[in-house]
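In what comes next, subunit A is part of two complexes: it sits with subunit B in the first one and with subunit C in the second one.
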Partner chain A sequence: NPIVHNGGLYKRPFNEAFEETPMLVAVLTYVGYGVLTLFGYLRDFMRQWKIEKCQNATEREEQKDFVPLYQDFENFYNRNLYMRIRDSWNRPICSVPGAKVDMMERVSHDYNWTFTYTGRVIKDIINMGSYNYLGFAQKAGTCQEAAAKVLSQYGAGVCSTRQEMGNLDKHEELEKLVARFLGVESAMAYGMGFATNSMNIPALVGKGCLILSDELNHASLVLGARLSGATIRIFKHNNMQSLEKLLKDAIVHGQPRTRRPWKKILILVEGIYSMEGSIVRLPEVIALKKKYKSYLYLDEAHSIGALGPSGRGVVEYFGLSPEDVDVMMGTFTKSFGAAGGYIGGKKELIDYLRTYSHSAVYATSLSPPVVEQIITSMKCIMGEDGTTVGKARVQQLAENTRYFRRRLKEMGFIIYGNEDSPVVPLMLYMPAKIGAFGREMLKRNIGVVVVGFPATPIIESRARFCLSAAHTKEMLDTALKEINEVGDLLQLKYSRHRLVPLLDRPFDETTYEETED
Partner chain B sequence: MNVGVAHSEVNPNTRVMNSRGIWLAYVISVGVLHIVLLSIPFFSIPVVWTLTNVIHNLLMYLLLHTVKGTPFETPDQGKDRLLTHWEQIDYGTQCTSSRKFLSISPVVLYLLTSFYTKYDPVHFVINTASLLSVLLPKLPQFHGVRVFGINKY
Partner chain C sequence: MDIKSMKNYLYWLYCQFELITCSYLMEPWEKLLFYTFNITMLVTVLYTAYVFVPVHVSTAFQFFLHLLGNQHESTVSVVK
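On to the complex of A and B.
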């Protein structure tokens, strides 16, 4: 394993690997998609000429001469590929999604066009899909009792925005706690994690500013960047040479036509990227940010609570100071078992956001029982509730991560991402294996999340495992045994243990972006 | 928005031709087509080569220059709905490496076909017409051009 030490910036080895697709597998994947396309055209032909019954939604006879509302071709993938394996998604669960979950069994008699419930509940499926990193998705325990008490005291909803009547003392308590947890001066909490990004980036940057965003940033960051009206430039995923080149070009050339200096340069990165399992190279990003005098917005949706010796996130994982990150954003959805998001930073920044953020002005504030859940779980992680449960959970997650990744690599699967990230993508590549993997794992009582094209690049379909502190070693061993069997059955063990050394990966100069007209 | 999607790519169709292994898959599929045609007993070699050339160009014209839009919904509000796949490659940037590859491969096939048909006049006319039909739409000047309004919407 190549160990990267960048002139003392990294205090611990940074092991990230993205093994290249084997050429044979890539060619077979294209053949697979080609065959599916051919059959798609055939079935569409049969449906059009009424040889086969069309089960898709169609317009009424009276409306046939109107201009169609939707284009047929845009639905091609949905009709012919997604429908065939649709039973791997949107599975209805009927218990709290902790380490084990109950699922309602459903069958389809017309190849996934309609589902019927048999009435049976499949019990105790090992849940490898929930973002339950610290295991706080429980229905009993201190968090639940505290939240129930607050529910009876404050009610279920606030029914107002933060700036009108929705600012409860619970919110103030939460924000002080979050600020203490992160080690920043002040913090603000919002009702929805997605809305935290999409509503606050427009408040921070505007026209005449530059946003440098990572290739694989989440939809909320992309939406926020677009809503702000700033110029967006995309750098290659986690590639510091690409980022530095963009920064240099931006400062040397200024704004596109007028050559004026940019008002602000904001770098958008995430702590852990949830589809790749990679961790941002934060020491290098901070060094670049300081050198070129730009601002850093760090989205710790998946890394808060999941990384770092005491769960304080990616900043603690690298041993850096939280003052270097200008805007620390995160969500309470993943590790804290609640809902909502927060932004932490300097007091002036947060005071500004309290006035100008769209979420603060227009969106309802967090609901009180949810706030109590966050407060209790955060105190538990920090150890302030008097027990060592929090610390034990963080350590258990780190052990689970290391163990699971090591065992999967030993078995011969291709796993993407950093050694320490609790998100483990296992590569499947071929479209048929996406459906097969999901179904085989469900037969063996393990629930996984699978993703394919167009959500991922065309040859990189994957199954994504999210580890949790609530998974015991026995559960992981059972899961690993089943994954091993399914891997042998579906021939998923592609790894040739030939990792692309990170320093040798050539930086491709070519980026083609969608130009705005 | 790109909800549930792992990247901020607005139209994944633009990157398909740059993916790893697709050029090899393309060459292999042309090879397989040729072998299938060769195994039909009553076609002579020149006829097989002309058929390979014509069928390859026909399929290329259909897939790259006739079918418009994307087979999945994209978050760009339909900007690419009226563009063929060729026009969508790399968001319309001209003379990228995939475009060069896809322009050169019909020419290579044409040269091989001309050799194997021994430069017979009838085969020449058919092959040249077929080559022109697939080379002209690839010129940068023809980006977004719809002759006589055919295939406009």
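On to the complex of A and C.
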């Protein structure tokens, strides 16, 4: 059975680990949330009885007898927990988001309800939060010069959709280049990465089709799946046994009432999951897809340019053929320093999407300087501009990833995800530590992104580092030193070096396990 | 120097307490309320322990002594 004995499918070791939450930490996290909830009720009571001024949005006086708008848990959380630590998000930056960034300083005198700018600019903050995997977010260099030239030639606006007057020769050039880069027959580019997913999945599937979507898929995939009207079934995150069970059930039982066979079965997975840092088990998914004759939609938003020896994404990372993936989607936002998304696949598929996709018909096409940035950066990665800069960047990113992850694990933090993914989530767990970590790191001139409840499960809040090829070893060492200090100050080193062996695979030499009591 | 490192350690412990119970995020009046409540409960528990625990412990000790004392006498008489 080629799926269970994964030694035959994987050409390289697959080291992924999600250390279990320590029991004491979980209990203390709940204690913290309990205290904040009690104080939340107290504050809500005071706001209701006008003892305290109400600064959040409420219904008007005349609407107080209607169905309440702000009584659910999301709004309670927003008023009472999110507002207290709000200064770690939406920080305004005022320079290009490269390896170092400038930020405008702001203070709040009423506990984060309003902010005022002091006028000072904090310079040269090490940027560990931007999705700048290959370091193409630059304000000087070949990409910037080419984009400036195209800007003076074409201007910035397109003023039309692809199907009307917005189809420039630059778009055709870009699409041919993207198809060549991915190794597919044809590709199409859209103006917005989120819209690529949410507007194209409804064009591919409809009622009577089945979508099998990973538990932790991005909001754009979920929205696209829901808009399509197909039946959606969720399988456990990266769990091939769960996926196989769902596929078997789908083939055996068919549609719910009529028992007819499904028109299409589409599996939605992502290359790298940005909240967990895990990489999809692509060889096994492709084996399952072929066995049960379904289609695969791979969202490579974070993995294109970041994985693989020449940056061609997760398909190259596993050494597979791009023809096995039916729809290869990705974005230009992360590794190419631009904006937009693409879909690549067979020529018939892309020609169909050109006519029937909502994004092609109604959305404005990509702006020319952005297209030129993508073209230049893609040629750089492929090595077609005559230099080895692209290859050097891809290798630098891989080295940075391995080094950073190894050092953080050695320090004793709990790090989720695969050894090779440039997205590094560091677990914080307690709500007060979310705010404290963000603030302490900013004091030490390092900008990080901390993530809390709606994006993650309520006790598993984390800080997410995004590594870049633009980070030099000195920057990483500085960052690691500060993280070490803050980790000791806030006591974040929870790891007991007991990595849970991956439960859905039999133990063999490709499983990474280490137990140390 | 020992006093200084002791003070630093106590301050670090206080910071951990603040982080775990989320009083780091509270406004000053909320912190006052929270600490007053906590310290009142703690003082009540300690006072109750101070007043009642010696009495309970000595009663329990006497009870067990009485129980074991009787048993010991009876076993001794049987063996003899």
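Just so it is clear, the second predicted complex is superposed on the first by the 478 of 517 C-alpha atoms of A that agree within 3 Å, B and C clash if a C-alpha of one lies under 4 Å from a C-alpha of the other, contacts with A are read in each partner's own complex, and residues count from 1 in each chain.
We adopt the following convention: a residue touches a chain if its C-beta (ideal position, glycine included) is under 8 Å from a C-beta of that chain, and two chains touch if they have at least 3 such contacts.
Computed from a prediction, not measured in an experiment: that's the story for all the values here.
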Dominant toucher of subunit A (residue count), subunit B or subunit C: B
Which superposed partner A:K433 touches (first subunit B, second subunit C, both, neither): second
Partner chain(s) touched by A:L490 [first = subunit B, second = subunit C, both, neither]: second
Subunit B versus subunit C as contact partner of A:F39, first or second or both or neither: second
Which superposed partner A:Y111 touches (first subunit B, second subunit C, both, neither): second
Which of subunit B and subunit C A:N217 touches, first, second, both or neither: first
First, second, both or neither for A:V31, with subunit B first and subunit C second: both
Which of subunit B and subunit C A:P454 touches, first, second, both or neither: first
Which superposed partner A:V96 touches (first subunit B, second subunit C, both, neither): neither
Residues of subunit A at both interfaces, subunit B in one complex, subunit C in the other: 31
Interfacial residue positions of subunit B with respect to subunit A in the complex: 1-12, 14-16, 19-22, 24-25, 28-29, 67-73, 76, 81, 90-93, 96
Complex interface listing, subunit A residues touching subunit C: 28, 31-33, 35-36, 39, 42, 84-85, 111, 430-433, 435-436, 489-491
In the complex with subunit B, residue positions of subunit A that touch it: 20-21, 23, 26-27, 29-31, 34, 71, 73-78, 213, 215-217, 219, 222-223, 234, 274-276, 451, 453-459, 510, 512-515
Subunit A contact footprint on subunit C (complex, rising order): 12, 15-16, 18-27, 30, 34
